[in-house]
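Chain nomenclature is as follows: A, B, C and D, assigned in order of appearance, with residue numbering initiated at 1 for each chain independently.
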Amino acid sequence: MIIQVKPDISDSQKDRIIQEANQSGYKITEVKTQLSTYLIGIGKANFDIRKLGLQEGIQDIHIVSDDYKLVSKKWKAKPTSIDLGDGVRIKDGDMALMAGPCSIETEEQIVKTIEHLKATGIQIMRGGVYKPRSSPYAFRGLGIDGLKLWYQHAKAAGIKIVTEVMQVSQIEEMYDYVDIYQVGARNTQNFNLLDELGRVDKAVMIKRGISGTIEELLQSAEYVFSGGNEKLILCERGIRTYEKASRNTLDLNAVPILKHKSHLPVVVDPSHGIGIRQFVPQMALAGVMCGADGIIFETHETPDLAYSDGQQTLDFDQSTKLVKQIKDAFELRKSFI
Amino acid sequence: MIIQVKPDISDSQKDRIIQEANQSGYKITEVKTQLSTYLIGIGKANFDIRKLGLQEGIQDIHIVSDDYKLVSKKWKAKPTSIDLGDGVRIKDGDMALMAGPCSIETEEQIVKTIEHLKATGIQIMRGGVYKPRSSPYAFRGLGIDGLKLWYQHAKAAGIKIVTEVMQVSQIEEMYDYVDIYQVGARNTQNFNLLDELGRVDKAVMIKRGISGTIEELLQSAEYVFSGGNEKLILCERGIRTYEKASRNTLDLNAVPILKHKSHLPVVVDPSHGIGIRQFVPQMALAGVMCGADGIIFETHETPDLAYSDGQQTLDFDQSTKLVKQIKDAFELRKSFI
Amino acid sequence: MIIQVKPDISDSQKDRIIQEANQSGYKITEVKTQLSTYLIGIGKANFDIRKLGLQEGIQDIHIVSDDYKLVSKKWKAKPTSIDLGDGVRIKDGDMALMAGPCSIETEEQIVKTIEHLKATGIQIMRGGVYKPRSSPYAFRGLGIDGLKLWYQHAKAAGIKIVTEVMQVSQIEEMYDYVDIYQVGARNTQNFNLLDELGRVDKAVMIKRGISGTIEELLQSAEYVFSGGNEKLILCERGIRTYEKASRNTLDLNAVPILKHKSHLPVVVDPSHGIGIRQFVPQMALAGVMCGADGIIFETHETPDLAYSDGQQTLDFDQSTKLVKQIKDAFELRKSFI
Amino acid sequence: MIIQVKPDISDSQKDRIIQEANQSGYKITEVKTQLSTYLIGIGKANFDIRKLGLQEGIQDIHIVSDDYKLVSKKWKAKPTSIDLGDGVRIKDGDMALMAGPCSIETEEQIVKTIEHLKATGIQIMRGGVYKPRSSPYAFRGLGIDGLKLWYQHAKAAGIKIVTEVMQVSQIEEMYDYVDIYQVGARNTQNFNLLDELGRVDKAVMIKRGISGTIEELLQSAEYVFSGGNEKLILCERGIRTYEKASRNTLDLNAVPILKHKSHLPVVVDPSHGIGIRQFVPQMALAGVMCGADGIIFETHETPDLAYSDGQQTLDFDQSTKLVKQIKDAFELRKSFI
């Protein structure tokens, strides 16, 4: 049960609502976000919401049978729109493009990539400065200094930044330099990290876990939302299966299912989803066609020299061509509605 | 190694080639198909194909490092085209449409479905008369009588038939009434069935196994081809994973990968691939966009009354709308090349 | 619902029972096995079995909520015992041992293996004469002649034979030479084969599908049982997962679960379950300890020269040692009850 | 390549070794643990270790082809033994027992559990005070206060504590009250947490990831070891597969494989591995039989009243009976060597 309270509710009104819910067998968690205050009720009893609805201070009440509540479309049918400023938005009915290298490597690489993005009309740049690596001996990224350098150029060019945050202590140091915090596939159920990102007033994109279910992805989003942050994006990036001909199995089924279950925007990552450069464009276009609100892909001036993920990274010519195709496919999709 | 021999090769010439290959450590299997005769050499030794190439009677020799040989694009770069007669073709650069009910149920249903297919321009009708069912107590299809009834109407309307064959003994009795034998996902590795389908001069569509790999699907096709039948179609229909929000996980990665590895046409089945009616169109369009040569989907006049698979079956209005969208998406895809 | 009828029931009594069940919304399938006659009722209505129980000719009625009926322990709590003659039994509370090569190769190999089995007290010999192979160019076994040769030696030595049947047409030709028909992991859902094995009065061991669920394995057994054959054995042999350090993932969880759900004996195959020779003994012992009624493993005089599966095959010394350990572990397990 | 240096190596000697390795194309990471100092070389060039071995200050050099180095048995054949003090050890050739509730709930529960452990001879108590939960609204554990309370009683009774640490900031506050930090299945690839646990001089038990490979588990252990902490334990707790009849699929294959690849002790968790109370004992015994160095299981005075995981938790009578059986099975296993 979600009780959205009025902005001007008094403490005593709120206490009365909580008390009544408790008496009906519901445990209440209070959630304050950038936009509103909610009382989330968890309980199993049958509940007469009309009676509770008579209490003062309530704007709206919904019964939500899903295990996740605030991210469910059963509560909020209107799609969530994320505004990154300067006219950059991620939202239903639009096609957000995010591209860039796997890892931020050098200043020259940053500059070249930004030039490419500007030329093709991509507004959001991806890149890793903290890299989760299976082996402790592999390159782990340039860290906060790399991010600051990147930010300087991106800011000047009007390009937004999406980059992975790996642990709680990085949230604050990264804050001034990121537009979207990315939660990586290995951290989708790092609940402390999700809790803390709930306390930040900045967009968060959560990648589906390496073998995470659709339900778990929504529950992870619920962590951030219930922590107080409504600016959430979901990302399908492929799951682990027995098939070894591709790096992961891009589960595009997840796109219409997530769009149906949740009001949050859904982005598709074809680079990790198939892991083979020459097939990334086809999978990006498939993602557009089945309903994605955005595409995130890896591009690099010289993919074969990239520090990481070169095998799934497009060069700039391929990237330019793909962006045009994505736009055409998106226009066609819009005509279908 | 694939040695394609000349049509007019003499027995003694052939013997000499085989002998020389044997001496080089290669075991030879002779394959005669509708189109040609091949000597397939399996062995591990390094092989100087130039020396063998000097033998008379040889048209072409290729080293194929894949475990499958005749279905590999390394041998035959030109895409295979399946001609079903009356101008109906399944081939690269075209978009074959196959639709119809899960099960053939009644004459009225057959007639209504054919009317719908004619009206929307779908040339191939799907439907099951032998149904593989997990439970021995479930409806198992109308059998050969259902097929004959169906054939009578389809023939008259110029509609081609694709339907599942479950065992060797059915091949002959079905022969006069089918245009494409379908091998179901539970029979992808029923090697005896594949062997026998190799002896038939009719198209065969092999569905990927319930948890079959891409490699295994190609090996299964190799069985039919090496049995003598080149008229082969591959079908991606979703795989079994841990995810339970969809019936199967439609692995669209398989489409560009299969197209890259093999010269055979690839069809996508979004109905089984996601298993949820309202999302079938999105997945069909995604399939088109990532390179499928055809789409097969379930449609029924009244899906909720269907004997089986109603939950993933489109009604005729949805089907009509989808076909139009598929055609538009296919036109767009063609413009991308 | 399972209605076990009396041996001397009259046709009119049976008709009356069926009629009444039909009226209550239940579809009846009549099943005649070696031991009894059953009327299997499938339906969703609530059913007052007491009222039906008043009909004459009925021995016993059980409501079985599982999708499988006759193989369920909810109907028949007493474990099934398979008697192969000459004192060889597969049953709860006993430890059946089956061993032998992957493939039957030569007469010498047969003789040597039988000597080894006799020396270690193993009463059932495994071996393939029809081999399902992913590639059409691989060795497919010696066929029926190999089986006859094998039978000749096994019969003389008092050794029972378990071997794979791949298709319906082989059932009859193999009949005189096998003691247990094995249904392989790729044929677990070959429903025609299961149907036909239901008509045979000989034991059938069904291997779990390559990625088959426990439920599906029981449904496959239900096919054979409902065809008329109660002499059934279930076999856990590992499932397909993402893990590549082993050939399959031996799912020993399946052992106590199958024993709990069904009255059929359960055999574990550690050779395919892990696929690595040096670890087969540990997995065999684990299988004994979690409740298996039998162990089937691969052994060969010279595993490295075996035509197939050498990497997971024990030599005779390893086999001798393992059998002793299995017996000790089984004695310990019995002491736990 | 692992270069173990002498305790009294001089800085200039070390520099010379690093320089020479660099010149041969190897990047060196220096690792200092509680026991020794290692130089880990990562590179692809062929390397003549004899030449490097002539340098002064080197105790031992090993080429390790695995991606993990320090946890590999190729480097260190001697099994690692973890000494928790007071005679409590986890090591090859021994059987460590860890038991307790899923969550620490109340003082009474702590006291009762400790009494039970003392009575049955279990020396290590498990229990969660920080609980990773899919839903943000679920019980998340008593936190540090619960741990302190628990420690007080455990210390007095001579019982050791193993409990999950979820984030870096908890490491220090938990330090005085834990004997083994547990890394949960959702944090197996939380690399920052692993890095920090490498800096602690206390045992760490790493659970295999929800769908983690055996290779990834070893890589995660390598993180901790290369951070400086050799006191490592690996835990198999079941993996995610398509099978839904059990909570997870306990992958006992992992036990002999991990024991073969690594010198670290391996513990099996049958409670999470199957997730069904009545089958936990069988799976525990199977784990013992295939080579585990320890068993961790959930027990509670009244499982049906437990805050979490009650369905897989043994009551004290079941626990007592199981411990006796584990000991018998372990004695039998020892007799096999």
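The working rule: a contact is a pair of C-beta atoms (placed from the backbone, for glycine too) under 8 Å apart; a residue touches a chain by one contact, two chains touch by 3 or more.
Per UniProt, the chains are A, B, C, D = 3-deoxy-7-phosphoheptulonate synthase.
Model, not experiment: these values are computed from the prediction.
Chain centres here are C-alpha means, and the one lying farthest from chain D is B. More C-beta pairs in contact connect the chains of B-C than those of the other pair, out of B-D and B-C. Taking each chain's centre as the average of its CA atoms, chain A and chain B sit 38 Å apart. Per-chain Cα centroids separate chain B from chain D by 49 Å. Look at where the CA atoms of chain B average out and do the same for chain C: the two points lie 33 Å apart.
Residue positions 211, 240-242, 244 of chain D are each in touch with at least two other chains. Residues of chain A touching chain C in their complex: 211, 240-242, 244. Residues 27, 29, 40, 42, 67-69, 132-137, 166-169, 186-187, 189-195, 209-211, 216, 219, 222-223, 226-227, 240 of chain C are the ones that touch chain B when the two sit in their complex. Partner chain D is touched in their complex by these residues of chain C: 211, 213-215, 239, 241-246, 249-257, 260, 273-274, 276, 278-279, 282-283, 285-291, 325, 328-329, 332-333, 335-336.
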